[in-house]
Amino acid sequence: MKTTILIYCQDQAGIISNVTGFIHSKGGNIIYLDQHVDKEANVFFMRLQSDFEKNILDIPQFKKEFEDTLGNKYNMEWSLHLDTTMPKMSIFVSKYNHCLYDLLSRYKSGELEVDIPFIVSNHDDLSDIAEQFDVPFYHIPVSTDNKAEAENEHLRLLKEYNVDFIVLARYMQIVSKRLIDVYPNKIINIHHSFLPAFAGAKPYHAAFERGVKIIGATSHYVTEALDAGPIIEQDVTTVSHAHTIKDFIAKGRDLEKIVLSRAVKLHVQRKTMVYNNKTVIFS
Amino acid sequence: MKTTILIYCQDQAGIISNVTGFIHSKGGNIIYLDQHVDKEANVFFMRLQSDFEKNILDIPQFKKEFEDTLGNKYNMEWSLHLDTTMPKMSIFVSKYNHCLYDLLSRYKSGELEVDIPFIVSNHDDLSDIAEQFDVPFYHIPVSTDNKAEAENEHLRLLKEYNVDFIVLARYMQIVSKRLIDVYPNKIINIHHSFLPAFAGAKPYHAAFERGVKIIGATSHYVTEALDAGPIIEQDVTTVSHAHTIKDFIAKGRDLEKIVLSRAVKLHVQRKTMVYNNKTVIFS
Amino acid sequence: MKTTILIYCQDQAGIISNVTGFIHSKGGNIIYLDQHVDKEANVFFMRLQSDFEKNILDIPQFKKEFEDTLGNKYNMEWSLHLDTTMPKMSIFVSKYNHCLYDLLSRYKSGELEVDIPFIVSNHDDLSDIAEQFDVPFYHIPVSTDNKAEAENEHLRLLKEYNVDFIVLARYMQIVSKRLIDVYPNKIINIHHSFLPAFAGAKPYHAAFERGVKIIGATSHYVTEALDAGPIIEQDVTTVSHAHTIKDFIAKGRDLEKIVLSRAVKLHVQRKTMVYNNKTVIFS
Amino acid sequence: MKTTILIYCQDQAGIISNVTGFIHSKGGNIIYLDQHVDKEANVFFMRLQSDFEKNILDIPQFKKEFEDTLGNKYNMEWSLHLDTTMPKMSIFVSKYNHCLYDLLSRYKSGELEVDIPFIVSNHDDLSDIAEQFDVPFYHIPVSTDNKAEAENEHLRLLKEYNVDFIVLARYMQIVSKRLIDVYPNKIINIHHSFLPAFAGAKPYHAAFERGVKIIGATSHYVTEALDAGPIIEQDVTTVSHAHTIKDFIAKGRDLEKIVLSRAVKLHVQRKTMVYNNKTVIFS
């Protein structure tokens, strides 16, 4: 049985040897270890994958002992994940379909190891795609008047389906503090620029106006500050004076879908940790 | 004899056929033509290289006829350049040496087809490198008190040596309007970020703080607005949480020198045209 | 009405001015011109887009005059295309679905301006996807025994549906001379390596074995020589020792689908010309 | 005092916890750990940086105990390096100067933490550059007749100056088995193609001939098989039909120097390990 342990604490001497010694003493074989120390902040991060022979591991007992001996000693924030559990992911969309198509085709192919209990949209345009891929689709219009009610409906669905994290696949609405508080560092957005350049609306227009030679896309966790959350993944592509705004948008679509998918995969594989509004991305 | 003609005017029907017909009628063979139309601004750009048999071309006569028949008709801004003239380039530096080393080694190798009459610096640190490459070095300190005098000295030297364009190779001073007015779209700067992200001072620190996954460098023509002039060339490289600010700076150095050299070459080959604070970069 | 003219001939003086003059004399406005001269081979290539006011253009008459005055004079191979005609594209697949999903979602979104009359496969695995996107699917098994019959069936379908070009979207069969002869430079393949490295079977395994730090994908026109046809588009992504063959394959999938789509778009927009087993790709 | 330990052995349970426990018990603080398991080959690799308080570490005693308790137990190949020792690097060149300029300017700037006791060349062309940077230069002509003698001279110099590793900075000669045996995985070459494509002579010509859209450079350790040694670093840049062979060469120069420098730095920082003709490159 494979386990993934994520650890976050103040940097101190002996953590690695004590944690790996603990795993070893419980009959686990370490198959992957990546660690990072932020020297300025004096913070230690570790991701550790171990393999235990079948049935050898009593999870609640393991957790209790880990906390008693290591968690307390080093004042760790830590979590244990079993590779057998499949996270539940909800997708929020508006009218653009390229990210939705990309996520759903990866999901259907088994490349993206998640459950997708439902898709939510403020428009009805993409309901056909949801149907095409056999995923329930909820059309919940959002206007200045009904924002709170729409959000109630979102929260009700997310709770009902036990959703673990949310992907905003070009969802053209600002997500409120209420939702962010329920899903801290669990809402993944794709922004169509190389952040922090061109945050906010119409980044391709702004990039065109500025005459940049490279455009980008950025996937980040959503925080209250618009387009300013911890960056998970970025990529870029070249443009020239010969490209129109329409060309920027077309080139950008391919970036957006690839960058968003990479970020979603990193999240699903628990390779991301967040602190100081930045991410540690394990290899 | 090879000539390069750059044309800029309002877009109108028949320009290409009339210009190419003119070249043809004068015994020239077109060896390269690249054109661009900005449809929003309705502006036409063209770069045209022609080959004339030896001695066939009477330059002043050619210029006069071109202006009389085409320049006037289409209300063109145009210029003719002979591939035999070598532009004079001055380099301004402060303390960082990587861009200077890169430019000078390309210059010595004959890769960069320019004359470099002198290097100017507000510090003495890099005088050894200038000496090593046999290029005159002027140490002109700049302080808040003597800014105007220093600039007088710059202008005097630039005039004396008949300098065509200036390269700021990590020159850590803001260039004043006076100099820019004398060298409009002829001062090339390298900024150590992916502009417009992180304009101003300490971009690597700002990039680190923001937690970006990609850093960049931008070469642009200097205008009065800080780090906001027409972009000539940009490039990027990936970074991760494991990189410190020192690592950002080290990785950035390689970007800066390559991006700056590319921009300088494009300028020297007269492949750049500027309008609306943007560049057209011919292929 | 927009027209695209592609020209290919020996390089000679005056071509550009004569062709652009001709367009101008017929009332056309040139909206794009890109040309290339291969100096070693002394060959001239041009792509020219012109805009004619509605109804002004008598196509057969235009073609006749163009041929009489220019085509003959310069011994050109040339073709005229109207932007109103939508090319018919057939997709051949086997069992991998990522390229098919990508092409079909671009097709459904209107991003890929083609008709797709049918999909052919030697396996039945992807028939669901065809159905999902409402495109006819023909399952034509191919074995060593029935290769000729299968090909007869392919040719029959291609003829019946009037197919203009074929996309091999990870079709794991070698296409025979017979099909290539009917579709010269009109069969687009995606090979999952950075050609010419790792031509042939199992390129990711070979790349892993060699310990490369970068993997690639290559889209090319199919010729009789395996994986050796004219290259249309290539792209790469970094890998490391930490990646397994399975990781190479997963990273490669994203490359393959993007590179294939770009090549297909270039072909559809008539931006590709082929000579000497190489391509000219217009901007 | 900082130490770097490199470990290579068969994969077994408990290695990490035992090694880190050992460091901890000796008063060391682990500041960096990166490990890799090749599951197919069942081999374990680790790079471990530790910080010991001043004077606490008795190196010979540490080494003896490490070997007695861990080295023997796990049958490790391992090595200990102190960050205070500066490796001695010799550069071999022919006539191309771009890599030499790049290495020497990084060396002079203190960016490359090595000693360079001398430069060797089979031609005299670059002696000026050596002089310019104050590095001894030995001109040792190589012909079919004197190959053995020239090599004797190389070996004599390398021994005399106690050289640790060799950089072939576009040295256009094949290095013999004799030299390779003395410097196994310690001779770094830069090949001007994206290996394994275009191994051997004139790779840019071959790339041009094949019509590739991307060219590359590869830095690798030299083995007896030509251009087939373990790859350390690769990078690429785009090209098009519009580029001539001369353009390929010019664009390639920038790749070559950057890729070679990166490889040299990785080697100097002891971030490379070699097995099965491949490299593990630590982060």
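Should a chain be cited, it is by its letter among A, B, C and D, assigned in written order, with residues numbered from 1 in that chain.
Note that in this section a contact is a pair of C-beta atoms (placed from the backbone, for glycine too) under 8 Å apart; a residue touches a chain by one contact, two chains touch by 3 or more.
In UniProt terms, the chains line up like this: A, B, C, D = Formyltetrahydrofolate deformylase.
This is a predicted model, so every value here is computed, not measured.
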{"item": "Common touching chains of subunit D and subunit A", "value": "B, C"}
{"item": "Chain located farthest away, centre of subunit D as origin (C-alpha)", "value": "C"}
{"item": "Chain centre separation (subunit A, subunit C; CA means) in Å", "value": "36"}
{"item": "For subunit C paired with subunit D, centre-to-centre distance based on mean C-alpha positions, whole Å", "value": "42"}
{"item": "Interface hub residues of subunit A, defined as touching at least two other chains", "value": "240, 242, 283"}
{"item": "Residues of subunit B that touch subunit A when the two form their complex", "value": "36, 38-39, 194-198, 210-214, 216, 230-236, 240-242, 244, 276-281"}
{"item": "Parts of subunit D lying in touch with subunit A, wherever the complex brings them together", "value": "13-14, 16-17, 20-21, 23-24, 29-35, 37, 283"}
{"item": "Subunit B partner contacts - residues on subunit D that touch it in the complex", "value": "97-98, 101-102, 105, 109, 111, 132-133, 240, 242, 250, 253-254, 258, 261, 283"}
